[in-house]
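Shared between the two complexes below is chain A, which has chain B as its partner in the first and chain C in the second.
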Partner chain A sequence: MVDFIISRKLTNSDELISRLESLPSYGNLIQNTDEPALFDDEQEPQSGLIDFIRRNSTAEPSTIDSPNIIGTEDSIEDDITTNETASTPITATNSADELRNQENDDNYELHLNLLKSRVKHLFILSENGKPVFTRYGDEDQLVTLMGVMQTLVSFAEIAQSSRLNYLKAGPCRIAFLHREPFVFVLVTHTNEHSMCLLQQLTYVYHQIISTLTLSRIKQKFNAQPNFDIRRWLSNAERKLLHNIIDMYEHDLGMLMTSARCLILPANIRGQIGQTVAQTIRGQQDMLFAIILAHGQLVSIARLRNYHLHPSDLYLLINLVNSTDAFKGVESWVPVCLPRFDPGGCFHAHISYLDDSCDVCLVLLTVNPEHFQILSDYKQVIHEKLRKQNLTIQIKLALDKTRLLTDEIACSDLRYFAYKSRGLSQYISSKLLQPYVTNEQHVRLFELIRYVYGRLHNRNHNLKIVYLKAEYESLLAWLAPGFELHVVFSPYATLETVTQCTDRILSYIKREESQLFIIRCEYF
Partner chain B sequence: MASRKKILLKIIILGDSGVGKTSLMNQFVNRKFSNQYKATIGADFLTKELQIDDRLVTMQIWDTAGQERFQSLGVAFYRGADCCVLVMDVTSPTSFKSLESWKDEFLIQAGPRDPENFPFVVLGNKIDLENRMISMRKAQSWCQEKNNIPYYETSAKEGINVEKAFETVARNALAREKEIDQQTDFPMPIRIPQQEELPKQDGCAC
Partner chain C sequence: MTTSNEPISSNVYLVDYFIYCPLLCQKEGQEHQKILYYYPPDVEFNRQTRTVGYCEGLVKFTETFAFDDPCDCVHFQKTRLLFYQVENDICIAMTLHVPSIERKKDEKLIMEYYDEHINDRLMLSVLKISYRYFALEHGTIASLVQVNGVDQCRIILKKYFDKFIAYRLHTMILDATIDSSYFGVQFFQVEKKVYLKIQSLIRRLELRFASLKETLFLYRNQLIWSGLDQDDTRLIYSFFRVNYWPQLKSLLNTSTIRYLTVESSASPTDALLVSTHVTSQERFLGDLSLPYQIVAINFNWFTIFCVFHNDEELSNMAQTLEKIELLKKDLDEIVPYFEECSRKKYPATDPSVKNIYFNKMNMTHSSTMDWNREPTNNILVSIMNTLAEDLQWFHPSGNIMVKRENDPWIIAKRSDMRELLIMINQRNVNLKEISDKIKQIFPTQFSNILLLE
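Coming up: the complex of A and B.
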């Protein structure tokens, strides 16, 4: 990928800022809704919270407040320190010559070539240096490499409070994340911001504890430090790991930690939400009832005071999308949502509300005995939604392809993504030419992640980043109430950029009620 | 819980500087011996696949530096080891004396469950040399005292007993693996937080 030309920043960037900020549509949008947030993307994960809820489910829930602490441990640090350990005293591995004698010589060569290729590698190893997972290839062939990676991480940590975060080796960048009892390593040749690399590793970490539960993993390693955790990872769990990595490359919501909603008239969405909430009302063990359609959020109802973190929502979406096994049956799956409680397990009742399996209902409870209760709820919800023709409405909305760029009508506009910061939700236009191929899609999103990283760099405190790249121009704008990423043709003028941004903001203001879930439904 | 076809074993090689740890490893993995002495810096890794009865075993061999100056890594290196190979030089009484402290060091750092039965193997290397100082009997009796650690006399240079010694290493590690597997994993009890640990009741306005 050589298409990246470093930014020629607009010399008149001040002018752009002042023009954008004086747009009437901007003024309309910043005073955001005072509605209680649907999501809480600053929620601090709490170990033992699920046990606590389980124990107190008969008590008044209003006595418990999820703490809302800013700056979680999991939040991504902007200023990633580069720990220069390139001179670490290690003899990596013997040269290829010395390994000629090995029986699986061919295999080894194949893997060596794979490692050298420019694909984005992701490895997981346990703290004891044993391989757990590799995105490409076979981790059995990477046993030596995993040992080296463990040693690199350990060397950096000899000095108290020092950690290896990031290495640069020629054109290649390597990000590390050490979360007991795992080490996550990402190798990339792209321009993605290091903050995004760390975010990808964190998603993978969350995915693995979502399936295995952190406390259970830690307990096992305490009892048996030499345990090979691969024995707990069947193909289904590996697929979840592969999917979450792929999903990140194709989805800006994971980057912006915000949920994507199905575009739906507000009254329809309201009816759906109320139907679900009314059905469940009074049940204290249940926390969340979510309706999804093709990975988009249709409605969410929850117990008062408990928030779902958007990154946990993506784990649920990944789970639902990972297999066809959920189709046609009711499933009962233990799932850990690490941003809610890394130490406990929810039980998810997963089922579909229509025959063609487009509309999925996920009910989350802390009570492992409640399958039957939730199954009954599902029946009632299914019936009510069907009778009120609401399921059909969801399907109609799904079938209606909304390009959004058409509705905004601006010839230089190619793509935009808008996040409401107050709602932790985002909307984006459909990707059109030239971004319809997987390669171009991934390339564009890598570019957006690069700009995103610049925008969110805490040291710079930027409001706007404008990047003129070879094949497109990108605008990123961080305002008090929203975050906007727009892709223009490379020839877009300042005039067009301002005008087009105005149209996008006006459009969103006008259509807000159907683009986002504004009202929260409680059981 | 599906049992994997391939078993991965983490093997640590310990012993004084210059006793031939790297040479033994190279002899075992590559069937090669080099007369040149190259101090291992930090750690070196090699991988070898072995067939033990019906199991395919991948040995991940961690060759650590004998020199004191690299000792700081301790825990990180030893954690999760499946077997530990202690090496001495039969021409060097000091290296024989050190076995005890290497063994202790390993047990302290790795902290394996049931340290009494952790699989060790002792290798007396350099038997091809003339000036032998530690007799086989002396070494064997030390091993017997330590809960019957298997002892092999090897020559990395001539390739004597190296294969056999490492096969024993793999077998013993496998045997322990099996033993642990037979202990059932009890589902963990649900921990109910104490009163003090209740979630804090501050903050969230919603």
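Coming up: the complex of A and C.
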């Protein structure tokens, strides 16, 4: 009996691969589209790229540029300083001090317990061991711990001229990332692949330099190695850090470095894209115009030859999602996109195209002086989209919650995520029972991350991973043109798995034009 | 992108190996007192102290987070550090060099390190067994310190480990495989009648000696009977496989009773000593607090380990010899059966299907992998190692199947305490044929194994 079960499984596993590859939709999907990619997830960041574009842009004589940039950077600093003074507590009297000491002791105890709880901790400290950020608790209580972390990292570098990557304690991991002038530490209780650990830490690193800019941070630390960078981290920046960590646990796009698009009929998406591109055409300082709806990409238009990296897009999405202030007014924010240029700074014009603040327009320029120009563009785009009823169409698409799983019609299918490797975009079905609670959602994605880690192990070059776990079965398939992750009930047979996978692929082929942004719009 | 097929300019090697006990340092400035053993010996004191201090720091640091398991592996870019707390407050650690390749990139030579070429699970098993072998011969380090004092203990450790590292550890690190990592037991299955005969001859032998505690009975390199508890059985068995068997199998089997001892400080080729006089060796078993005397008897392809409480009876050489010689008749009687068994042709197993099975419950281990003849391909071995490591976290059961382009399927399965790894290397064979072949293989090899879905 037993051998029968196993043999059936093996047979099916072999069957699986041959059948998967002979699927009618397989051939179509592995061919990359001829269109130039919207995103480029292989793209290497180029330091100084923004300066280069700025110098070359014909719109402004380059001579006035530099002082202007400094001017704006100063103004950010001013902004932050105001924030900081607001949050600095008023000096307390002596008796209050004693009271606080008592509180501190209690707090310390509280923090020791907090560290022992089974949550995913993330710490940021400066190279000289000063606390910068902790995901849980108050970093002021963790001065000693952060000091230890700093010692562990720097000892490896100095004494062994090596790098401390991560350590294992059973299934738990503590990962370290040293990126001048910070050290990032992640503590996780699930058997996560080192690649995912590094990816999470890198997102956090990128998040912190996207608002503070690497060059500015480095400059400050060079002049003042003991500088407490927290003076520059307002509550808004902290919120961004918290949210980027949360988002990683809830969004597979960050793992697969691919953007998620709003499902929209191709002609409507085309009209939106063209409207935006035509409005902006001719403007050399503007690089990207992005429309987002609830964190999903509606349309992206860009200057020829410049690509946006999906991980940079997630920083923008995080910025938009985390900042309620954008909802009231048009905003003008400096933002660094590290995969584009870690040394430079974009200026983002962020505004909403509808009253209920569902549809967000993000315009990115290298010219800090162009607020008015971009604001005018926004007005024009807003008007045109409204007149053509396109804003309404976006909102309709948002309201229509697409499950996707019901269109596949397979009772054992629970969830799938499909990434088009050529487009660097992904689509996923809606999470249904039993993954509707946060706990289950996070657990499922941890499992998918485990399978993903196996699939993407750089030495193994695996093509298929099929995991039968306690509560579900997972199939991961890496083909030349796409990557597919499917979650089934634990009772699904391999026949069901292949059949269902076939349906998913043909569905995606059929609906490709509305699931993905196939055509890129240029200014 | 590089693959493991490319030449590795430096393979994995042992950087250091050390034993320390933080309690031995009384005052600041005397940190080097913590160190009980350090290899290589030419590392300067300060550096030794720093390295040990760093390990302590790491362990303390991880304790902050109250993990269920202690920190045991640290991945550095260039090295891998592995720990094992062997006794209260005594730790063994070793550092391995991560395989690296020097390559040219943008006109500059850079060193690339292949972290995944060292499997933590395999290396931890090597580290753990290195201590167990020591303790088998010397007992616990703590009792050595207590009885002989710290300085004497350092001398004993040095004497043992210098040789152990030179003769054994380097090869153990390079030759570690999933099979070697289990330290499981391979059983020889015999008919009921023969089994009862063996039982009775063992009982009779035990009755002849008042101080004979337990016996282990082996045929060739497989176990038939052990009266010891599982842990000790496994230890003595693996010690036998490593130290006795490689030479024993090349000795002519005679029809006289011989006595075996192992000089573990000698090089592996000279380690086994064979004598016609009764010889015994002191070994620490159970809670490692008391030494036992072990007599290893060899006759034909049989090896019998007799565990004595003390050597009082054994000191009467002539009498002991006489008592043991009585075995000969009993053994002679069962020899034909075993010869028959080894002549018997087993249905040839399919060469394209390889499997490894381990049951944690009774330490049963079997394998059809031939790691020497199977330079199958490093990548497949590496995948199997990784999956075997993952199996630890499948709870209570789970199953993972992976496939590379044009390579065999690898299946790793865990069912509670049982682990099974299968590699099926068949191409251009239709599904029916594969499933039929597996159906043939299972009744011969896994007929008595329950694998729950």
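To be clear about the criterion, the second predicted complex is superposed on the first by the 459 of 523 C-alpha atoms of A that agree within 3 Å, B and C clash if a C-alpha of one lies under 4 Å from a C-alpha of the other, contacts with A are read in each partner's own complex, and residues count from 1 in each chain.
Heads up, the rule we're going with is that a residue touches a chain if its C-beta (ideal position, glycine included) is under 8 Å from a C-beta of that chain, and two chains touch if they have at least 3 such contacts.
Worth saying up front: this structure is predicted, and the values here are computed from it rather than measured.
Contacts of A:Asp246 after superposition: neither chain B nor chain C is touched. Once the two complexes are laid over each other on the shared chain, residue contacts for A:Glu237 go to neither chain B nor chain C. When the shared chain is aligned, chain B comes close enough to touch A:Lys220, but chain C does not. Using the contact criterion defined above for the overlaid structures, shared-chain residue A:Leu49 touches chain B, although it does not reach chain C. By the touch criterion stated above, A:Val143 is placed in contact with chain B alone, chain C being left untouched. After overlaying the two complexes on the shared chain, residue contacts for A:Phe155 are found with chain B and with chain C alike. Contacts of A:Glu330 after superposition: neither chain B nor chain C is touched. Looking at chain A, you'll find residues 148, 151, 155 touch chain B in one structure and chain C in the other. Across the complex, chain A is touched by residues 1, 3-4, 50-51, 54, 57-58, 60-62, 64-79, 114-117, 120, 379, 382-383, 386, 390, 392-405, 409, 411, 413, 422, 424, 426, 431-432, 434-435, 438-439, 442-443, 446, 449-451, 453 of chain C. Taken in their complex, chain A has these residues touching chain B: 36-37, 40, 46, 48-49, 51-52, 54-55, 63-69, 88-91, 93-94, 98-99, 101-104, 126-131, 140, 143-144, 146-148, 150-151, 154-155, 157-158, 215-216, 219-221, 223-228, 230-232, 234, 305, 307, 343, 520. On the side of chain A, the complex with chain C involves touching residues 2-11, 13-15, 17, 112, 115-116, 121, 145, 148-149, 151-152, 155-156, 159-172, 174, 187, 189, 191, 194, 454, 457-470.
Across the complex, chain B meets chain A through its residues 1-4, 6-8, 10, 26, 29-32, 40-49, 58, 60, 62, 70, 72-73, 76-77, 79-82, 110-113, 180, 185, 188, 190-193, 197-206.
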